Amino acid sequence: MALDLAQQSEPDEAQVTAAVEAVISAGRMAAARHWVPATSGNFSARIDAHRIAITRSGVDKGALEAADILIQPLDAPLLPRSSAEAPLHIALYRRRPELGAIFHVHGPASTVLSRGVGTGTLRLQGWELQKALAGITSHEEAVDVPVFANDQDTARLADLVEARLAAPPHDARLAPGYLLAGHGLYAWGASPREAARHLEALETLFEFELSYRRFTP
Amino acid sequence: MALDLAQQSEPDEAQVTAAVEAVISAGRMAAARHWVPATSGNFSARIDAHRIAITRSGVDKGALEAADILIQPLDAPLLPRSSAEAPLHIALYRRRPELGAIFHVHGPASTVLSRGVGTGTLRLQGWELQKALAGITSHEEAVDVPVFANDQDTARLADLVEARLAAPPHDARLAPGYLLAGHGLYAWGASPREAARHLEALETLFEFELSYRRFTP
Amino acid sequence: MALDLAQQSEPDEAQVTAAVEAVISAGRMAAARHWVPATSGNFSARIDAHRIAITRSGVDKGALEAADILIQPLDAPLLPRSSAEAPLHIALYRRRPELGAIFHVHGPASTVLSRGVGTGTLRLQGWELQKALAGITSHEEAVDVPVFANDQDTARLADLVEARLAAPPHDARLAPGYLLAGHGLYAWGASPREAARHLEALETLFEFELSYRRFTP
Amino acid sequence: MALDLAQQSEPDEAQVTAAVEAVISAGRMAAARHWVPATSGNFSARIDAHRIAITRSGVDKGALEAADILIQPLDAPLLPRSSAEAPLHIALYRRRPELGAIFHVHGPASTVLSRGVGTGTLRLQGWELQKALAGITSHEEAVDVPVFANDQDTARLADLVEARLAAPPHDARLAPGYLLAGHGLYAWGASPREAARHLEALETLFEFELSYRRFTP
């Protein structure tokens, strides 16, 4: 019996470790790009159907240690030291079992462009880099990024996000992420690797978009 | 007697070392961001109620050594090799016992934005990143950053700063820092860690602000 | 006989290794500049008259390993896991025996400028840096960079490229590269070293051009 | 006698080594900032009254080795493999015995701003960072940077530079450097350390100037 338990717990421990390491690695990547200034941003990865690993509040995302990552059950109250934005992560994991990781940054392009375009939708079209988003096969496809007004009430915001994701557009694909105006970008993927690819693709597409709108012939 | 003295001096020595190391570390961080070009900028940390550690004049802030840091009493004349801007640091430490560190940089956003907006006040509002400033809990709060005309007479400038900080606005919070037009940013905090967070938050908020003002729909 | 074969195969093996290492090194350089975001871009180097080394689809170009590089014969069908853009590389190597390497990136300046100017030609003139392009000896020479509409049908695109390169302008030199609008830059050279120099020169010239068009007196 | 010779040659050897190392170090710094793209730029340091160490043509300035540095006598013809711009260095060292180093870069701000303002003079005024230039003690002083039309005939250009430096303005200080329109920046100093400080100060001041001209209230 003791042996069986040990055998059971080992793979579980490995899943926890993998999720924690994925979060630490994503934070380091984003910090190197200056996308999480002044301890901003938060990062999570799914452990299994019931738990996620998520950064606690107020730490430098470029210097995360295992002790900075909370193991948060999806069906329990927020743990002490949770980020105020943890509910945005939890609501998405609950609703979408296929999500493996969610990364949130305050990159300059997503922060400024989201405030500039106003709430509603930012449509991306005509960029080859859109193909880095899962399921997009041509620069000609339209990709819609929802833009929400920023709100300190993250439970209320989570409801808005869910409602919007439940009503995808008919003439475009929804991006694997959304913008909060003047705040930043949430991006996700089936795995931490895919979430990181989506994060980099979206933040870079927003840089292109900002620069293109300033183009002078 | 000798033993007592040694016991007394050890904790004191540790405070000096901690302040010197905090200054060296802040200089290295700012240099990596290119915020202290061509030996510009200066950095200080409080040792105790009576002394600060502060960078001497004319050194590369990315390659500071302990010998580049002066141990300046707050009630004594400026030490030889002091920076011309040391009086701006000293006046703040004297007036505000809660300050643990003051960092000054010539970042591109603070230098250009301060000159662009002119002297008076730069109001920040609507950015989530404002919450990285101590005491700010919402992007909806207004945060005022005083902007002073640059002046080579830093004693005169220190008086202006003190007068302004003594008269906070009624409809906004004062930022933990101020701008000198065409010169750069002073930022402070209760500890070197908080001062570094405030410095990065403010310089990044100014980058957002500059970029947002250039936004083209 | 066995000895002879061994002697033959050794230099061949060295050529393969050199081409693979050149591709890995070019990918790392471009990734450090953020010119290949989110696994975008592709890189190839000629092994000999009949084969090239080329990055496979969907890998992070900043962390390439030998297993990510395909040894593609120029006269055979595409290998499994080939990039969708491999035909653009192969067509150029077939047509131009003097080409030693082709590097493709999604740099921000080439992506945005190519979309901004529209299809046709981007003429560079008046920049000293043009002299980093082989054969250009003065900033006064005009250098034409073809700009093609982006197309997911890369075989069709390869034909357009070949037709354009076969009809050089009378009053300008053709650049060692071309742009795909909203997509990025292809650059080549007689060797991997020259291709890397051309890539950096062109992407930087496009940065200059973008910034210059936004100049305000 | 042999001993005397050895004693004489040792300090001489040390001066050569110091100049070569200063050139290598300056090249590495500039390359890290992307100011010498695609093997552009050149760097020199004075050995003594009669000789300089100077980068040869066509090498990556971020990966200089001692073999890439020529020991050029000031009164002899150009050595084989000299840069086409070596005459601009030599003329300045001959005319100004106090110069210890000259560094030339193709930084984006100096390249674009120089083309934007046109030939004549770029006046800097109102930036605190001006004080990083030797002899400047206030942001209120005007600093004039000559801007010359680019010219592939560097001997002719050297004459123009000398004529301009011989006629300083009455109402401003001349900067320790000049711009070639659409080409880049030459900066110098009494020592390699001062030349590096002047180079960083000027390129950064041009970044400020470019950004400030684009400021939108």
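Labels A, B, C and D are assigned to the chains in the order they are written; within every chain, residues are numbered from 1.
The definition used in the following text is that a residue touches a chain if its C-beta (ideal position, glycine included) is under 8 Å from a C-beta of that chain, and two chains touch if they have at least 3 such contacts.
Per UniProt, the chains are A, B, C, D = Methylthioribulose-1-phosphate dehydratase.
Since this is a predicted model, take the numbers as computed values, not measurements.
Contact with both chain A and chain D is made by B, C. When chain B is fitted to chain D on its Cα atoms, the angle of the rotation, on a 0 to 180 scale and to the nearest 5, is 90 degrees.
Residues touching across the chain A-chain B interface largely differ between the two copies, under half of the numbers being common to both. Of all chains, the one whose Cα centroid sits at the greatest distance from that of chain D is A. A straight line joining the Cα centres of chain C and chain D is 33 Å long. One simple way to say how far apart two chains are is to compare their mean CA positions; for chain B and chain C this gives 47 Å. Of all residues in chain D, those that touch two or more other chains are 214. Within the complex formed with chain B, the residues of chain A that make contact are 34, 37-40, 106, 108, 111-113, 115-117, 150, 152, 180, 182-184, 210, 213-214. Interface residues of chain B, counted against chain A in their complex, comprise 33, 126-129, 132, 137-140, 197-198, 200-201, 204, 207-208, 211-212, 214-217.
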